[in-house]
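Each of the two complexes below includes chain A, the first together with chain B, the second together with chain C.
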Partner chain A sequence: MKAKFSLFHLIFFFAFLLSGYTEPNFKAILKEIDNMNNFKESDFSATYTIVSEKPGEQTSVMKIQMFRRDREDKFLMLILQPEVQKGQGYLRIEDNVWFYDPESRKFSHSSLKENIQDSEAKNSDFKVSSLSEDYDVTSWQEDKLGRYDVYVVELEAKHSEVSYPKLKLWIRKDMNQVLKVENYSLSGRLMRTALYPPSYIKLGNRYLPSKMLFIDELREGEKSQVTLTDASLSSLPDYVFTKSYLERVSR
Partner chain B sequence: MPVLLRIAFRNLKEHKSKTLIIGIIIALGISILTIGNSLMDTAARGIQKTFIENYTGHIMVSGKTDSPLSIFGMQMAGATEKVPVIPQYEKVKKYVVSLPEVEAVTSQVTGYAGIELGEERGFVILFGIEPESYRKMFSSIEIIEGRYLEPGEEGILLGESKILEIEKEYDITIGAGDQVILNSFGAAGFKIREVPVRGIFRLKQKTEGLDQIGFIDIQSLRALEGMVVATASDFKLDEEETKLLNLDSPESLFSEDDIVETETSRSEYSQQELMGILGGGEGGTGSITIDSGAWHYLLIKLKNGRDMPRIIAELNSWFDRENIPATAVDWKTAAGGMAMTSDIMKTVFNIAILIVAVVAVIIIMNTLVISVIERTPEIGTIRALGARKSFVWKMFALETFTISVLFGTMGIMLGVIIIGVLNIIGIQATNTFLNVLFGGPVLRPSVSSGTILSAFGIIVLIGFLSHLYPVWVALKIQPVKAIQTEY
Partner chain C sequence: MKYYGVAIRNLNRQKKRSFLLGGAIAFGILVVTLINSFSGSIITNVGENFSQLMAGHIFLTGHEKTSTGKTINVIREDKKIIDALRQNDLPIRYFHKRSAFSGYLIFEGESITQQITGVDWSREKFLKERLVIIKGSLEEMSDPRGIIVNQKVAEKLNIEIGETLLVQLKTVTDQYNVGEFRLVAVSYDPGIFASISAYANLSYVNELLNLKEGEYQTLGIFLSDIRLIDYTAEKIYKTLIQREVPLFPRTSSEEGEYFQSLSRDIRAQTWEDTKFRLFTLNDFLYQVRQMVNILNTIALVVLLILFLIIMIGITNTFRMVIYERTREIGTMRALGLQRKGVRNLFLMEALFLSLGGVLLGLLLSGLLMFILSRINFGMDTPMFIFLRQGHLTFAMDPVRLILNISIIAVLTLLAAFFPARKAAKMEPAQALGKYY
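Our next item is the complex of A and B:
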């Protein structure tokens, strides 16, 4: 009787220990996701094609050339298409974002929280990823998304300098890649869903999702596909990250 | 009948004070009704004229929305819904133009922008227009400096009062030929446009508040609003670039295996590549045809305003049949809250008149009942002499109708005289609210046949309602008992 009692407690104790050991280190996972999307050691350039659908409207297409220098918190986003917006661009230097309009040759202050033109994608979707710094994990569970085993992790922002105060992430267990993100308002209203299907561009030792789908949850039927092409880690000249480059390139 | 009339007049004469009290109540009520309705009708006509001739036309066609929409955009403050563009615009316009009742059409986009004034930033409502058709349709814009917008050119027309407001508040001068910088802060982010002021206008029918609008070329406003000006058909899109959009259930993507493409490392960008990244083409508006793009509203002026309800119904049923998510509304809906004000006022006023009418009916009824009781022996005698119930009924009906018609007509005449005097003097609008309500700075009311007819209608109704109960009391009187009654 005594032995049986001990065995029961031993099993319970190990089960408890094991369950404790299986809790993943989300801080590290988020850091890993950030690293996968950040390019601290080299410059990064790529072309993004954003195709946006809205009910009752014709499909709109926008092509953007992205230049990033994450180690200095800089990016330059240049609109290549459509023709009428060609040459407009966003330049980020540290905490400042400027919008440049080549027609008026004027700059104005913009924000990372703004949408890129009329699409569902935001400026912040292309900046340095800082999930591990900006958010705290509030809850998590294991689940399956299609054929993939995932952690479903809920995050809450630590400060107000983010596009969305609450996030829900579906993270692949096997490779620290996000498959799906739900963006919530402070009151918990679902604002936007982002899907990152498992189609990757391998750049060095990184895997970058080559396609993303952003679904506006407030306006039914509004969605944008973002496609990544021409990704490169080649270094870029310093003048790219200047206002004068934006001015000169569209002259 | 002459006998009945004689009896009616005799009774009214015999009870002079009662007749006078009832008569004054009726006359005053009817004159207030005539004056009030004339004022409201004139104001409503003024507002209607202002809007139809200056801003909305008779009918406004727009994309369907959940929240109320007017020519000034979404009506609910803080609405997340954006003003939709008219779906299948070309097809809709073609159909509208083909209707024989349509006199003119023009298209419009409405937006809001900051107007940069040195260090300060003002605010302006912008109507993006097609200058040619807009000018043809809304002829009340009078250019007092510079000129009208030319088709296809960039520029803005600002109202005289807006210019005065800017000059007073920001201590700067703006004239035709000056450049102004507009910043839009719409949902599509920040946009900047520098446009020349082509002209300064004044509305022939001045309505304060509404001449705050700036008329801007459509292309500049589309750019400011971040509206889709180019379409997918302009580009060769890779199938992969729209793959996710076309999936019924995007989450089915997660049932597929990993696809990994290894990017071959490209060489560094040369200066030539970086400078020529835009492909050497000119950034700008040249390649876009204005009319084929996006519009918020199609404004329709009819040859005859009376066709409005029928054409609206016809358009809406055509939209349903063609499965186009668009809607046609009248000028009042298009004008938004401004035009509703006179309707609300009129409803409140008519409710007040109704209450006065009910009170009048009760007083008349009460007085007549007393008169019936006083005349019980008389009624009994008439009945005993062989008069039928219908004779007694006619007697009282005639009495009430005589009072109502006599004093009611006097009331109408009094109202018409007062309105006539007001028409000659003119009522000045002392503030913006009255200005909008009057549809201009001075209200010169006039009496319409509708107002007089409705006043007569009310008179007849009062007469009819107030005779019912006294007659009922009178007919209950038994001739035998009545004769025996002594007063």
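Our next item is the complex of A and C:
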């Protein structure tokens, strides 16, 4: 009995060692995920349609035109829908964010709200991704999500200046694409689940999820679906990231 | 002396006319006194209401810069500050430590934005006295996760005493956090300040904000007299500078842009450790002061416009009076009254008329103020901040009152001067021969 026990320990020890050797290079995987979502080499433009559902409220639809130039830390976000907000826009140049209201024809110094117009989608969902820089992998396992083989990776923030201190990612083994993300609070409570169904838009050598579903885990029944269309990596003229352009397109 | 008696007798002879003219003056002084007295109490009421809401007259906050340049609001070490407050001969009643955040209270799918203030209940006697508890008990705040929300919030969330609710917030470094509170008491709805009236334990609020034990965000100082704010703030500031406490410059509250410019500085500057900011209630009240000045200017303009109209009335009335009394003037002049005497007699009449009107106006305004101050407008009104416990209060500045009375007296004398001079210039023989 004693010998059996020791043998079990030996097997476990070797299995552990073996697993150590076969641990995927998550640093590289996270870097690849970051690269997939960052547009440092080229500009990026796309239209996002956000459909939000809240219990007891009518489904709301919002359409946003986004222009990004990550290498210069600039973006311009123009609201196309709903009608009452049409023409409103945000222009970000480095740390400065301006909000433009076509009604008053005025710019005001602003800060980006956490959530995009009361939806479950957050502004940070469309910003430069830095998972590999901001997080450490604390645990991982192999699993299946639907018909896909995935790594389930738990991440913990390296510092206290990232929005979510803990993340859990479901990463497709075959193409290092994130299928699901769980966002946890500092106290360890699940706050939000993001699902990225495997339907992609191919842009150069990247695959961008064409649909995203964000579920609020604190408020039952609140969710938002984001659809990406007209995505492009074509160069944008410099004037796109100016106040005068925002004024012009808002008319 | 003899003119006084004659002047009063003359006013008495035409009671109706004197009453109407005096009434017009009384109305003018009534309106102006009401405006002045209301604006006079605004600063005090707004100051007191704000000091209750913000829990202090003078405040100290700590600011740190993170490695990425983000500014966080925290006081980690306050020994030098507390020593400075204790050792000086300052009119401080007490001080307390608080932390606060704005977050979402969530209960069964309902969510509401609320500022939650963490307080040390063992030191916050004033808050305990001020909070009007409708349901539950303050004693239950011994539960570290206890929370007090106002009636409106409890109704919106449809939550009962003892039930647990979630709170979603961001820590001092902007990380998401979620906590759990247990509702222990429901307070009276403070109207427009309902969104900043939830209270919890300082230790748990700090935990949610990711602050360590003993750390906090704001040191609130209550003074024994609200009028000593600027004097005390200056003294504390100098003492802290002497004790080498790093402080942001304290520009005068009169500049108005203090908060905006300081926020810009905080964003732009970099520094080591904690840098402190000292500000007072008066810094917030700058705009209220501006409003009071505007109100007082409006009152003065109203006074001048009203009295221009009243002056025309007085001038016309006195011209009529002189026509009516031409023979009387002739008789007085024939009996030896000098021209100066005739003029002074009419001026005296005008002066008594204005003083009578002022007196009546002041009495009426006093009565009106008394009645208005008895009306309870309640706390759930946008005017709440200007009221004291839901009631209007009035405070007339004596200097302003003397100024108003002087303006009325001078304008009335001016209005009566030309008719009086005309009366004084009459020849006795001609005046005696006139019949109207």
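Please note the rule applied: the second predicted complex is superposed on the first by the 215 of 251 C-alpha atoms of A that agree within 3 Å, B and C clash if a C-alpha of one lies under 4 Å from a C-alpha of the other, contacts with A are read in each partner's own complex, and residues count from 1 in each chain.
The definition used in the following text is that contacts are C-beta pairs under 8 Å (C-beta built on N, C-alpha and C of every residue); 3 or more make two chains touch, one makes a residue touch a chain.
All values reported here derive from a predicted model rather than from experimental measurement.
With chain A as the common reference, chain B cannot sit beside chain C without a clash.
Contacts of A:Leu80 after superposition: chain B is touched, whereas chain C is not reached.
Of the two partner chains placed by the overlay, neither chain B nor chain C lies in contact with A:Glu156. Residue contacts after overlaying the shared chain place A:Leu179 against chain B, while chain C stays out of touching range.
More chain A residues lie in contact with B than with the other chain of the pair chain B and chain C. Shared-chain residue A:Glu247: touches no atom of chain B or chain C. Using the contact criterion defined above for the overlaid structures, shared-chain residue A:Leu218 touches chain B and also reaches chain C. By the touch criterion stated above, A:Ser60 is placed in contact with chain B alone, chain C being left untouched.
Among the listed stretches 91-99, 289-297, 361-369 or 415-423 of chain C, only 289-297 clashes with chain B once the two complexes are superposed.
Residues 55, 218-219 of chain A lie in contact with chain B in one complex and with chain C in the other. By the touch criterion stated above, chain B contacts chain A in their complex at residues 63-64, 80-82, 84-85, 87, 181, 183, 187-194, 223, 226-235, 237-238, 240-245, 250-263, 265-269, 271, 274-275, 277-279, 281, 283-285, 287-288, 294, 325.
Against chain A, in their complex, chain C makes its touches with residues 66-68, 70, 106, 108-109, 111, 166, 168, 171, 173-179, 208, 210.
Listing the residues of chain A that touch chain C in their complex gives 55, 157, 159-165, 183, 185-187, 189, 191, 218-221.
For chain A in complex with chain B, the touching residues are 45, 49, 51, 53, 55-61, 63, 65, 78, 80-88, 99, 101-104, 106, 108-110, 114-118, 145-148, 179-180, 195, 197-203, 207, 210-213, 215, 218-219, 223, 225, 227, 230-237, 240, 245, 248-250.
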